[in-house]
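Both complexes below contain chain A, partnered by chain B and then by chain C.
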Partner chain A sequence: MSAVTPLADHYAGVFADLRKALPGRQLPWLEAIRERGMAAFTELGFPTTRNEQWKYTNVRQLTKHTFAPAHGAVRSTLSSGLDQSWLPDLKTHRLAFIDGQYAPELSAPQGLPDGVKLSPLSLALQQSPELLEEHLAHYAHGGANGFAALNEAFMQEGAVLQLADGAVLETPVHLVFVATEHAQPVWQTLRNLIVAGANSQAAVIETYVSAGKSVYLTNTVSETVLGQGARLHHYKLQEEGLEAFHVATHQVHQGRDSDFESHSLSAGARLARNDLNVGLAAEGANCRLYGLYIGGGRQHVDNHTRIDHREPHGTSRELYKGVLGGRARAVFNGQVYVHPHAQRSDAEQSNNNLLLSGDAEVDTKPQLEIYADDVKCSHGATVGQLDENMLYYLRTRGIDEAHARALLTYGFAHDVVERIPLAPIRENVERLLMAQLPHADALDDELVGELT
Partner chain B sequence: MAADNQEVAEIVKREYEHGFYTEVDADTVPPGLNEDVIRLISKKKNEPQFMLDWRLKAYRHWLTMRPPNWAKLQIAPIDYQAISYYSAPRSKADGPKSLDEVDPKLLETYEKLGIPLHERAALAGVAVDAVFDSVSVATTFKDKLAKEGIIFCAFSEAVQDHPALIEQYLGSVVPYGDNYFAALNSAVFTDGSFVFIPKGVRCPMELSTYFRINAANTGQFERTLIIAEDQAYVSYLEGCTAPMRDENQLHAAVVELVALEGAEIKYSTVQNWYPGDEEGRGGIYNFVTKRGECRGNDSKISWTQVETGSAITWKYPSCILRGDNSVGAFYSVALSNLCQQADTGTKMIHLGKNTRSTIVSKGISAGRGQNAYRGLVQIGRGADDARNYTQCDSLLMGDRCGAHTFPYMEVKNPTAKVEHEASTSKISEDQLFYCRSRGLSDEDAVSMIVNGFCKQVFRELPMEFAVEAQKLLSVSLEGAVG
Partner chain C sequence: MTLLSVQNLHVNVDGKAILKGISLDVEAGEVHAVMGPNGSGKSTLAHVLAGRPGYEVIEGSVHYDGRDLLAMEPDERAREGVFLAFQYPVEIPGVNNSYFLKAALNAVRTHRGEPELDAMDFMQLAREKMSLVAMPNDLLKRSVNEGFSGGEKKRNEIFQMAVLEPRLALLDETDSGLDIDALKTVAEGINALRSPERAILTVTHYQRLLNYVVPDKVHVLANGRIIKTGDKTLALELEKHGYGWIEKEVAAA
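And now, the complex of A and B:
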């Protein structure tokens, strides 16, 4: 830990300079959270590979830089290449953030039904501080690691979505986080909160994109609280630039009979780390977690998930798939924890990895910790390349090798993609998948059409 | 089946059967660990200089290390200065030439254990190198083996008679600095077994050693080294029981296997050391480092273990698959009842091309037992077409126990195929109902289902061991049923 002391000092200095400018300084409880976060960071520093949770993810590339908080962004630099990321074919309530600041001119949250409130964090801190005091930083654990601690200290902007009991939001909420070009490495510290009342329903999409090519760090934490019988579909589309570092935590707290479905796509960033933690905190809660990670070049993508079965009759399903080419390295760690008394828990977890090149690497670690006896838990993990028999079969049917490889790779990933219920998102994910596939140009619509 | 179960029911009511203690006048060094103690051990064993140097290197390295704390185990601090590191039965000095000359008290001990040495050895065709405390006292069938050129003797004897082999192979699979307990073992080990199978020889019988911990406060530090030269084959059996005792006893053994080209080593263990009482008092600490290296092409090493005893088990029999086309296997049944904790598994390190490994692990948790599978499958960059299949299943009996799996898979070669499957469940009401409707009692039904659950592993054990293992399992599950 002593090696990080200069960095810790640096960020403590930044914190002292910046804290007056951070939102919510009039709220003593928030000040306390920020101080707690800074203290935790001073103690923890950035994680090292000696930490079991970071065994396969070395953040040395990241800690070589000292990041400054991003502000004063130049908004005109948003390039047109991001069009698809804005999901133009999908009607949404949109909040856009540029370099960690709310961008009202790019947002369109209008038309929300009664009982639904959607606002940027800075505004919510002024308008409904009681709600935030009750929930903010109550679920995600700032002491989990140095990034989570920094997020507590520096949380700057993000979205707050509140659904009253019984509120049903038909149109999805789309949160777009754009990072722009900077001369110096910068960071954006984002914090989202979703509070869904009893029997409410909504879908939330988080999109992370870059509008430039410079080095920056996205440090984002989302917290989701689902009341009794609430239903939430959550999408996370991470398509940041190849110089970006992306560290994210999503903490979900589920009430009785609530239902949570997550779709996570990780395609961008030089180093991406996602922590998705779901607490089934009351009887009969269900969750389904789906993930697809695609890596090429020198990308490093790390997905950590943890599902806590705390009470009886919880069900969890998890499927994560990875496609790795180039010198990419993927890490998967899926933990299922069944607490004592959480009888009749039912958990299934699966992780499959496809290696496309000789230099790609996968480290996977599914994990079960079970302290109750009347449970059904299973997990499976595989790592391999394309099946020679399948390739042979396709070739005997007159499909050339490039086609066959592309088709099989596509088919491998499709298993996860097809579970996305919203068509425009599915198409966007397919577009990102195709961009990473070797021989993707060999795949014509007709073939793919037959497959789907 | 029915007869078996009646017996089980009777055994269940008993206290730990093997809990007795024979008073043998032991030549024991006072507790404590320092370089002088190590020099004393080496001198008492009349070891060549290279052994002493190696021990001291290990000891000095050990001083710089800290005990591992990553396992899912709660270990009370161990006072290494409170352990006596050398204890040899007095009668060793006279050097028994045959079974008749062995201290009758020792023989009595074996009788109580239900393993009459000579009878069993003769009937089962098993050569027994019996370890009583830390010194081997009786070795049988030595002549028969010697005719084949096989060396099977106590480690200390091998140091005297075959120092060149020891110097060449000792620590070549488990280096002295490998881990905390291996380093400690390297510094202070007193005896163990040594097996050498020369080129092209198929060992005509199962080799077997019965370990037994006796004198109070004597940790046992065995060292086993098995070398199979080109095209050789050996099957080695290791089984253990221990007397009842209040204090925790440390057992830190090291086993090294070397398989050269085309060789095969099969290593089977039945471990039934004292697990402690229902409150978790006493019991053996079983911290073992076992590793085999498939050094030559086409070689094969398989580990089979049935772990029912010990208060704490920390054990990961591993295979380094260095030769092309080499094969590693790990079959395990681990049971934790009472307050037992087991953190066990394996490592399969694939380095050669076309290497294959299979892992089948069955964990049973009952009472307040905690059972963890921890395994690593590593495919190196050069290990083209490597293949691994892992299956680990857990069975839970009772709501205060725990079952955990921590499989690590590190794949650096795209041609590898690595599969892992795990499941956790309890015995289903349907299964029990079916058995009961066929007239089986609850206890019989559970015993039958548990044996079925472990069958895949038992099948890998040599016949005599398979029977013993099934019995052990039933006895160890006492009170867990219902």
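And now, the complex of A and C:
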């Protein structure tokens, strides 16, 4: 008997109980997607390390728990007492979600210009079902793994952002997902969709935080479609609690001459897995993917990225850095796939890891697969400790060892951090980085913002 | 007063004997030059004095201001007023030059019982010292030494020295790689530091620096030993005749 069966039974049971309460139940096409997802999960179960894509990320810690849907849980009266440190000092159009439900009292989407629509998924399913039918679950692959499958089946809430052709959104959109304290393990299944018309522009921030310390699972999938010449800056800030499990996919589909820039920070969660897949699906599409992952204690953080150069003249730039202390474990897998037709593709990828302790570990695997002949591709990966020479140099100037180590760690991450164009987000990331540094108290608060 | 006293210093690096019995006294107020062929141990001596980890002191002692220098951590030595201008300054990507130097200065000031400087006061001081060594302002905004030209790195070392105002400055080939004008400004920077309480030990291959920074003593280091000590005229002789004649003299003795 497969170990998966009782789990599959459990989630099939939950699905049967819950499906009437899930949004969009009046839409047959969505029902079909949900059923497809449930069927895929029944077949796949949760991934095991025998699966090449999950070789270094063992989800046994996670599958030990049977998660109940956070949906329907009594929403705490936390809105007033909620720690709002995740709110950057930044004017945004904000949608907030608590335990996977829309929280209008924490949201402030007002002031959107013409041609821009931002609404919770549940509302969008009522108001613009055609848009959703056209795009939802068309890019992310529910059969990719058990989590993606469950997400299709249970997708509960999230944000839908629609930009008409030429719409320019000056103020960023901020999507905040808060998980609260629960007596037993719960999950939240989030689904976002960004559809950016030709030559539209926007910035979207996804923030994931915990308001409690309990065990839960965030299963989130975002899909982004960029029309011709559209430009999107996307930020993903994962700062969940140390008992949380976070599994995320962002699937990006780029049109001709479109431009996508991603900044991903993974600082929280006991186990975090991010899949970022970018399809350069038309000529001249560009993407830049930047990532910083920070781990300590027994945290496990896995970033899988895949860039598909499908058509000629696409460029991709990727830089991910990891800072790992304690017994933390990180995985980086960066796949760049240049399809036969994609001549003049230009791809650069690098992944650098800094180990702050002898017990931290990294598995890094750049993977270039090139089936076109006229391309420029490079990749590199490093894993190292703090440089003894640099440490010595700083110390010969009177800076004590703890301060010197913190400063060098900070310096290591700096070239990822400095690329964040939004200053308040950059400063938040700097603070999160400092919070993880073993000797951060040695650093001057003036450091935040000063190094950039 | 003897600021630095090195007695019979033997040092191994990776199990290999590099310094083989160095003795040297530097009085406060003095400038000493250390010259000698490539690989003779000049930088090793400078790094041992600065506290580089991994150097094994086999024998001998070093006293700084009457205290056991070898017992101190490198950062402690720096806070006590020892400064090494590196032959090869280290590039530190991602660490801003100005933040770095302010942190260093405040560490030193705190140690001296002086109040820390805030960002504004620091910038004022930094500007003053930068003009002293004719260092372009934008170098302060960049990462420490990253992408600096050879000469810019050397200027940055002297700039740091000017800000930190050490009592014992160890200058390891600070004159190498400088153009003629830069050499002059750097020499002025060094001379500005000279005072009756301070001392300078400068490693150099060339007389040109010593034209500006006139030494009280010149030591010749060869194969891990000081084989000759003289006054400033020794450097002139070395410039003319190289090291061969001393080595012969030593062999004959």
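Keep this in mind: the second predicted complex is superposed on the first by the 426 of 452 C-alpha atoms of A that agree within 3 Å, B and C clash if a C-alpha of one lies under 4 Å from a C-alpha of the other, contacts with A are read in each partner's own complex, and residues count from 1 in each chain.
Simple rule for what comes next: contacts are C-beta pairs under 8 Å (C-beta built on N, C-alpha and C of every residue); 3 or more make two chains touch, one makes a residue touch a chain.
Please read all numbers here as calculations on a predicted model, not as lab measurements.
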| item | value |
| --- | --- |
| Chain B versus chain C as contact partner of A:Gly111, first or second or both or neither | neither |
| Chain B versus chain C as contact partner of A:Pro88, first or second or both or neither | neither |
| Contacts of A:Ile399 with chain B and chain C, given as first, second, both or neither | second |
| Partner chain(s) touched by A:Phe412 [first = chain B, second = chain C, both, neither] | second |
| Per-residue contact with chain A, leading partner among chain C and chain B | B |
| Chain C contact footprint on chain A (complex, rising order) | 388-390, 392-401, 403-404, 407-408, 410-415, 444, 446-447, 450-451 |
| Complex contact set, residues of chain A against chain B | 52, 56, 340-341, 343, 353, 355-358, 360-385 |
| Chain A-touching residues of chain B, taken from the complex the two chains share | 70, 379, 381, 394, 396-426 |
| In the complex, chain C residues that touch chain A | 50-53, 73-75, 77-79, 83-84, 86, 89-90, 92-96, 98-101, 103-105, 107-108, 111, 119, 143-144, 160, 164 |
